[in-house]
Amino acid sequence: MVTGCPRADLDEVGALTAFGVATVHEAIGRSGYLGPLIRPVYLGSRIGGTAVTVICWPGDNLMIHAAVEQCGPGDIMVVTTTSPSADGAFGELLATALQRRGVRGLVTTGGVRDVAELHAMGFPVFSAAVSAQGTVKATAGAVNVPVSIGGQPVCPGDAIIADDDGVVVVQRTGVAAALAAAKARADREDVSRAAFRRGELGLDRYGLRSVLSEQGVEYLDYESYLGKGGQT
Amino acid sequence: MVTGCPRADLDEVGALTAFGVATVHEAIGRSGYLGPLIRPVYLGSRIGGTAVTVICWPGDNLMIHAAVEQCGPGDIMVVTTTSPSADGAFGELLATALQRRGVRGLVTTGGVRDVAELHAMGFPVFSAAVSAQGTVKATAGAVNVPVSIGGQPVCPGDAIIADDDGVVVVQRTGVAAALAAAKARADREDVSRAAFRRGELGLDRYGLRSVLSEQGVEYLDYESYLGKGGQT
Amino acid sequence: MVTGCPRADLDEVGALTAFGVATVHEAIGRSGYLGPLIRPVYLGSRIGGTAVTVICWPGDNLMIHAAVEQCGPGDIMVVTTTSPSADGAFGELLATALQRRGVRGLVTTGGVRDVAELHAMGFPVFSAAVSAQGTVKATAGAVNVPVSIGGQPVCPGDAIIADDDGVVVVQRTGVAAALAAAKARADREDVSRAAFRRGELGLDRYGLRSVLSEQGVEYLDYESYLGKGGQT
Amino acid sequence: MVTGCPRADLDEVGALTAFGVATVHEAIGRSGYLGPLIRPVYLGSRIGGTAVTVICWPGDNLMIHAAVEQCGPGDIMVVTTTSPSADGAFGELLATALQRRGVRGLVTTGGVRDVAELHAMGFPVFSAAVSAQGTVKATAGAVNVPVSIGGQPVCPGDAIIADDDGVVVVQRTGVAAALAAAKARADREDVSRAAFRRGELGLDRYGLRSVLSEQGVEYLDYESYLGKGGQT
Amino acid sequence: MVTGCPRADLDEVGALTAFGVATVHEAIGRSGYLGPLIRPVYLGSRIGGTAVTVICWPGDNLMIHAAVEQCGPGDIMVVTTTSPSADGAFGELLATALQRRGVRGLVTTGGVRDVAELHAMGFPVFSAAVSAQGTVKATAGAVNVPVSIGGQPVCPGDAIIADDDGVVVVQRTGVAAALAAAKARADREDVSRAAFRRGELGLDRYGLRSVLSEQGVEYLDYESYLGKGGQT
Amino acid sequence: MVTGCPRADLDEVGALTAFGVATVHEAIGRSGYLGPLIRPVYLGSRIGGTAVTVICWPGDNLMIHAAVEQCGPGDIMVVTTTSPSADGAFGELLATALQRRGVRGLVTTGGVRDVAELHAMGFPVFSAAVSAQGTVKATAGAVNVPVSIGGQPVCPGDAIIADDDGVVVVQRTGVAAALAAAKARADREDVSRAAFRRGELGLDRYGLRSVLSEQGVEYLDYESYLGKGGQT
């Protein structure tokens, strides 16, 4: 149980959040994505904040209760378990306690319950499962030590961004650089979007015709393809 | 094919339904939850009723047709297969027949189809899959015998409660006790919710500081943690 | 890379689309369904069009870019990978390029990202995963050759119908016959629906009582069942 | 924790075991099979005995320790968890304790470890996972109450048969009938086997040609098939 | 049910088999592999032969019985189901019938049983599951029409090669070319193997240093890496 | 690509290896286990060595080739991919190159091929999949940077122990302490094993009767259980 961890700057995190998960993931070198198994329990939210990390024993939410005390405004709680567990270790009462402290949402490799209530109270949750199965409060874990989700390390104080595409983590000390890179990427995407709306092709815009050619891709019209024994 | 099974009292089931799946599951001793694989095909409904159970052969919905006749007002049809099958054994036509008889919804370990139509007609379905794959009507199974879903036995006439958190079963003879326990739990949760809104911690409210202490959990401030070689 | 593939007639495809995935699947002899793993990334759309097929290397969307040029009004892009890959090979920029060309949607065994943006721009996507994980543009695949999804072959120019029940493919040369069969089936279903609303049973309507009897299904009232040692 | 449960007769169980899992499953009406997820940790054993059932909390093997005391000669321990858990709740030390008491093996929906040692000591284990992940001894469950695995109820004292095909359960009071049915089936299979060795076809032996005909199956030689537009 | 399908030349298939699944897959352009879900039920065999294809309804092996009659020396039966099914549709009796006819093995996307007996009688089986669950013989499918497994089409008469790495299919008309390509590849591998045994690196042998360089890969010694803030 | 990483002491690693994966995992505080998805491709080996870590793009083994050069005697190569990929990125030729350099085995979250050949040459492999699917050599990754498998960080030079129970990682700087703790634990287990062989119970040996009592576990004989309405 580690207390007083430094956090990423919330203003920078907020600015980064606006770019969304996919753009941020690209901006930091195609890294930090927590994987497709972590999904929003309801669609339509986008949040950003600083990580308070929690490791629980399967079927046990003792450490989530312990971690509430370490949470403050702008935080996002990030929960893992020592082995896979879909149990509903988090629900509306814990969300009430976190919301009171200014926490912006929850990310968990486990399960949550009270989905309708969480939606109604506007507390975004990104989880690997929804489950009503209850948990005990018997076995210790850890709070605010590094965890790993989807092969990506998440450290206390790192920036967490989550939306309908999932969740991305940005190292605490890398938020400013990520912000600059995301802005640059978004600007480039604006130009590409306009070009695509005019009918330009990615093949031309990104110089991919030469890649196809180097890879030996040949163009055959349908009749030639059939003539060469092509399957239909 | 068993007929004339006794049912749980529908008034009591209705009162129990209002507490939702998670609270009922806790109230009956953290049991009866059919597991996280059974999900609503659309979010936002909460139903309660009495079980009519059906066992089908995979890829075959003969017994669902046979079971319709056994269903009456307040029932919820509960379908399993003798081995896992995601096929769309249930759709809008069967829902029409059930709705005509006053049936409140469907729970199935298999698949369903006509999702848009089911949503439009307001017939809640909780299933392990959505699949358009059609089924035959060739092989026998059983109706109104005990089945097991997610490790939980479901008997004909048992109370079934389903919402966005999934599905819970309460034994037919245990509904009154479940109702009393759910009410008591909800009252306690009301008090806890108010406390959490005031900023009280679960650590204090539930007496968990001593558990942490017995488990050997130590508090380290961030500098001390680093000093002891803690990873960041 | 095959160009100039013939397409199914778009008027016929449009008429077929109105019947929905489940009815079309039944109408063509319970075939063509791409399986329950391909799901809409947001509920509530129904599209039909003609297939442009794409095979990508895992983690690589080079061939999607190459395929854009082969797409025209009424097409639906159908993407597979040479081995399973959930990476987000498709997003809002590619959707912009496709929408500009009159493409009606995307079907993929892989992943997509920018879910919120895709929803906002009204570009329906049916995929096996949502993932923000980015891809490279380095390795060749194929465009407009036959692919296979869920055990069903999909050829360029085939009709693709997709809705909340998933995706079905109809062979290019079979659309007219499918249309006639779907219409006939829908008419029969209209009659059945009316009958079910009046309270008629599928057991009687489909002549299933004799099937139950041949299968040896016996009816026992609850008391007799208990008397024979039935479990409760 | 229920003590003194009656057991199936061990002589009858032993005789039944000789027929193997698949034959016993068929003999009792294609039921009792615990499903394909429960696999032997090493191939080549076949055991039969009487069930001592255990329900554990995930990540916790307290109740396995408690159950050892309830086990005697001819028993097979059958373990489930209240929610899915692959943790290695059982290993060589527990196997040593069970072997000392005459227990014949373990069946578990969870995980086991010390695979090499279990093999060396000749203690057969059938599990859903192998995992070295350790467990705690903190939370209560139950011993010798009915459990459910793969949709099949398993009660204390029931007969358990396990081999390379998995595990089947036979109700305690049904072992004698199962034995007679298994013997009859094995005799029929001996005759069929001899017939198949002579070149007879199942189509003829089981009268399936008429089934094919009723189902509308047509025989087409390859040339006719191609002539009708058959795909190749 | 198509009869009299042409087969690939068994001598050529036999010669191709000797190269093993991985080499053949590479030799035909990294295609034809049926995927990692199809595994040998026991390790240590390598077979090659010509495909007799079967499509079964889930939970039903009627068409396997029908297909036996179409099998002859050198064939390998290839079974799929119209939707996923792990049931044990194939066992020792069917293997006896096939072995009598000179069939060399079975490949199935479904399940098999009698694993110990299949091993003892030397009949190799490659399947997605082992399951004792029995099947009925009630619903039609097809024999000797094209099927698709793991995204790869398998046609009657195609060459099938299977070993501990899984299963690969080679088009009937492509076996001779595959044989030449496999031989050439194996020769190249012999030279590479000898080089690797001498200590040569793939980096040099395959000219990969320039690829690394083009991709921007930099070499840093450990101290420099730490100096640049590298994580450890 | 980081070169010249320090390694754990090979003598200490060798001594630690003898205790096996499960004991080492317990000895370091129930941590370091890479999870039940990483399995030996053939049973019966136990290896220990120092990690050379590799991150590959899915479907691409360029970085494995690059990493060979960084491997030396006593190393174990540890491979992950940036997103899940079962492709056969490693086979007998790479194993030949590694074996020549004194490498003791491979651990990978991806797939391997040439299983029979790997077994024959005695090169142990622990992987999440077996797949013949080939890979390209086109996209960069990293060598000898920290990776994460099953939620556990693996750094270059860490000790890796692998046997039939899976794989455990021990931090490079923690091997000596792990060795002492493993020895102590093994000694305790020797005493427990002897006690269990004499018939002592874990309930008594580990003082668990009081835990059961605190948890409210009651003992009921079977008749009393039935009298209280217990299910059978």
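Order as written gives the chain letters A, B, C, D, E and F; numbering starts at 1 within each chain.
Definition applied: contacts are C-beta pairs under 8 Å (C-beta built on N, C-alpha and C of every residue); 3 or more make two chains touch, one makes a residue touch a chain.
In this text the structure is predicted, and so the values were computed from the model without any measurement.
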Please state, in steps, how far chain E lies from chain B along the shortest route of touching chains. 1
By C-beta contact count, B-C versus A-D, the higher one is B-C
Can you tell me which pair among B-E, A-C or C-E shares over half of its residue-numbered contact pairs with E-F? A-C
Copies chain A and chain F touch; is their interface built from the same residue numbers (over half shared) or different ones? same
The angle in degrees, nearest 5, through which chain C must rotate for its Cα atoms to match chain E is 180
Using mean CA coordinates as chain centres, what's the chain C-chain D distance in Å? 37
Report the inter-centroid distance (CA atoms only) between chain C and chain F in whole Å. 41
Chain centre separation (chain B, chain D; CA means) in Å: 28
Overlap residues in chain D, where contacts from two or more other chains coincide: 30, 35, 82-83, 86, 131, 133, 138-139, 146, 153, 231
Going by the contact rule set out above, which residues of chain E touch chain B in the complex? 57-60, 82-87, 131, 133, 136, 138-139
Of chain E, residues touching chain F in the complex: 20-22, 25-26, 30, 33, 35-36, 39, 43-44, 46, 163-166, 168, 189, 192-193, 196-199, 201-203, 206, 208, 211-212, 215-223, 225, 230-232
In the complex of these two chains, what residues of chain D are touching chain F? 1-6, 42, 62, 65-66, 68-69, 86, 88, 91-94, 96-97, 100-101, 111, 113-116, 119, 129-134, 137-140, 144-146, 155
Can you list the residues on chain C that touch chain E in the complex? 30, 35, 80, 82-83, 146-149, 151-153
